[in-house]
Each structure stands twice: as structure tokens, then as C-alpha cells.
Amino acid sequence: MTDTLTIRCFGQLTDILGSARLEVPITNDSEELMHLLLKEYPLLKTTRFIVSVDRKVIREKTVLTPGSEIALLPPFSGG
Amino acid sequence: MTDTLTIRCFGQLTDILGSARLEVPITNDSEELMHLLLKEYPLLKTTRFIVSVDRKVIREKTVLTPGSEIALLPPFSGG
Amino acid sequence: MILQGEQLFHQGAIPAGKLADYIQQWGGDHSTGAFASFLGQVRADLVNNEPVTAIEYTAYETMAEEKMQEIATGVQQQYGLNALQVKHSLGLVRSGEICLMVITASAHRKAAIEGCNELVERVKKELPIWGKEITGSANHQWKINQ
Amino acid sequence: MILQGEQLFHQGAIPAGKLADYIQQWGGDHSTGAFASFLGQVRADLVNNEPVTAIEYTAYETMAEEKMQEIATGVQQQYGLNALQVKHSLGLVRSGEICLMVITASAHRKAAIEGCNELVERVKKELPIWGKEITGSANHQWKINQ
């Protein structure tokens, strides 16, 4: 067990943050995580993104565990 | 100048009439032609078809000349 | 670019590779962002309890070519297509083989897709082409478009 | 037949010939009467007065593959498709090259065409894929789907 969460970033977020991965101390749920992320990485406020946990987009507060696969996803632009 | 009209037939009309071409004495217009054709070839009454003159479908009475390219077209079934 | 001076009709089944040929050729236009295509294939439908083995296509060729030019010009202008092509078989096409190919190219997907659909509908409704469905026992019936 | 166990992603530009390969392969199903396809190509649009020379695609690959399976299963059932395939590029695709290929097979044209359109829309809206538009002067901007 680890006491940090690794968060994957994609698209323009990798430009904005200068990295494709962020590390933060573990939080209980996705709402706590967002508070923490926006405090630690204020540049996140400059762009739109949604959050996925275990490869599913989440719309509501979601419980997190050290094994959760978390990602920040800016608007999709495939095709 | 010729005193007959040659009429091309397509699709199931070639089966019904046993021929891809009909010859009839010249008529002044398409309405007279239809009367003549239905009298000479009563099997034409057994199927639906439309008439083209010079490669355009006609919907109204059309004047004919010996040079008119006339065809009887059963329902299209391409594709 | 319309029809590129090519004939509408193709003797026998249309090879699937023709589709790729047009796309490669038209890809040189870098304002094109979308290709839509439709291929019609002869199905082994049951006719009087026997599967269709082939369709034999005949056409009023000169009228069909003229009408196709008129349709192509109209659809090209209406949808703002960069290119379009329609090929239809004449003669025998076996089940599992291709009898109709329609392809469009446009800047954006909506025009390419809608233009392609319109071409398919109009080809089936407006071109003087007839299909005779042939079954194993030398029987046949004339195809009816729905 | 769905996706045939193949990967969604293709490294670099998608060769147009792939389309013909699927059609030839699927033509063996004589209940299929219609193939519809869509190809997306990188356009040389102007970005800050410079033409786009390429798009570099990245993706959340595992999530995209899972989502694609879910979309494919849903669309296959909803439209009664005999087969479907979606391929999307990863990495650099130059303008005039193909970045997206969607193809469907069905008994009748309506299902093939509508199923193909739905797949195109959902691929663009729902798959976690990002395109970085690259212009000549080493500049870039992130693509925005309309």
C-alpha cells in the first residue's frame, strides 16, 4: 500500500502542467482530491477537464483507494 | 425519313413481349402512340411502365417525330 | 472532379480495391477532411425458397449516363463536395460481390455523409437500371426496389 | 464479428487499402447487402495563418479501448449490423493522410449507413483521444471538435 495517488494527465493538460503525471497525498474521495489538486496546481483552473476513475468518467463524488486509476481529461478531439 | 417508330423495351418488358424492340406506324404524339401500342401489344397492360422520349421521362402528351428515341421503362431496380 | 469523365457502368462485379484507389487519388486535396462511401452487394436472398446466386443487370445506358451526370452536378453543388464517384455493375454479379459503389469527399463529415446518402437514394430511384435475380434452377425474377 | 479482436489504434496514418481488406473479408457473408464507411483525413486548415502540416494524436489507450468495445456492442445490437470496424491513428498523421476509419456491414443500407454515422459521432465525442495540430514553424494548438 502506498500513501500517494498518481494522477495521469492528457492532451493540453500535459502542456499546461509540464507533466503527464501528478503525485498527491491520498484522499478519501474525488471531491477532496479536486480541492487538493486545485490548491497544489492552480494552473488546472485555466482549462476545462473531466475526471475518470478506473477508466470510467465520474460525475459524482467517488471513493478513492490507493489502487484507483485516476486521470484528468480535457475535451476529446479524436477523429 | 421513315414512317415507323422503333420503341425500345427494358427489364421485365423484354420477357413479357419477347423482344427488346417494337415497331409501330408513326403517330403524332405520345398519347396516340400509347393507344396504338396497347392495342397491338395487349400484354403491355399486365405490367407497370413509364415512357421516355429522347432519354427523358415524359409525364404529359409529347409530340413525336420519326427521329424520336422512345423507350418503355418498367420500375427501376438498380443498386 | 465530378465523375472524372469516367463511365458510370462497370462490366461485372466492382472490385473493392477501386474504393481505395479513389481515396488515395483524392487525398491529394488537403482541403478534404472526410470521405463517405457506400457499397451495395448482391445478397443470397431466398426467391421461391431458392437462394439468389446472382443478379444480371441491364440498363438503358445512354439515358442512365445522362441522368447520372445531372444527379452528380446537383448533389455536388448542393452539398459542396470536393469529389464524388458512382459506379454500377452491368451484366452478371454473383452473391457476395459488389454491384454499386458510391463515394464522396468533402471538407467536413456532414456534407460527405449526406451527399453520399442522397446519391445512393437517387441512383436506386432515378437510374434506368434493372436487376434480374437468378436462382440455381435457371429460374429468375425481376428485382423490386423497396 | 465486432472489431474482430483487433486493436482500435493504428500507429501513424491508416492506409486506404485497409477498407478494401475488410470489405473483401466480410463479403463472404452473403446475407450482407450493404457496406457503409467513413474516413477522416487531416486537413491543411489554417492555424494562426499557417497551414496545419500534421496532427499528433495521443490517447488514454486502455480507457479508449474499453469504451470502444462498449460503443461497438451497443451500435451492433441497436442497428443489427453483421460486422463493424473502427480504427484510429496514434502519433503523427500528415495532412492528406487518414486518421480515422469506420466501416459497417448489414443486410440493408439503412442500418449500415445509420450505424456508421452513429459510430463516427460517438468516436469523436466519447473516446479519450487528443489531437495536437502542428504547423510549419514548430508551433501547435490543440484540436477542438465541433
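For reference, chains read A, B, C and D in written order, and residue numbers begin at 1 within each chain.
Everything below uses one rule, namely that contacts are C-beta pairs under 8 Å (C-beta built on N, C-alpha and C of every residue); 3 or more make two chains touch, one makes a residue touch a chain.
These figures come from a predicted structure and were not determined experimentally.
Listed by label, the chains touching chain A and chain D alike form an empty list. Centre-to-centre spacing of chain B and chain D amounts to 49 Å, using the average Cα coordinate of each chain. Centre-to-centre separation of chain B and chain C, using mean CA positions: 27 Å.
Computed centre separation for the pair chain A/chain B is 74 angstrom, with centres defined by C-alpha atoms. Contact with two or more other chains is made by residues 40, 120 of chain D. The multi-chain contact residues of chain A, meaning those touching 2 or more other chains, do not exist; every residue touches at most one other chain. Those chain pairs judged to touch are A-D, B-C, C-D. Of all the residues in chain C, the ones that touch chain D in their complex are 15-17, 19-20, 23-24, 27-44, 51, 95-98, 107, 109, 112-113, 117, 120. Note for the complex: chain C touches chain B at residues 40, 57-60, 62-63, 66-67, 88, 99-100, 120, 123-132, 142-145. The touching residues of chain A, when paired with chain D in their complex, are 8, 10-12, 15, 52, 55, 71, 73-79.
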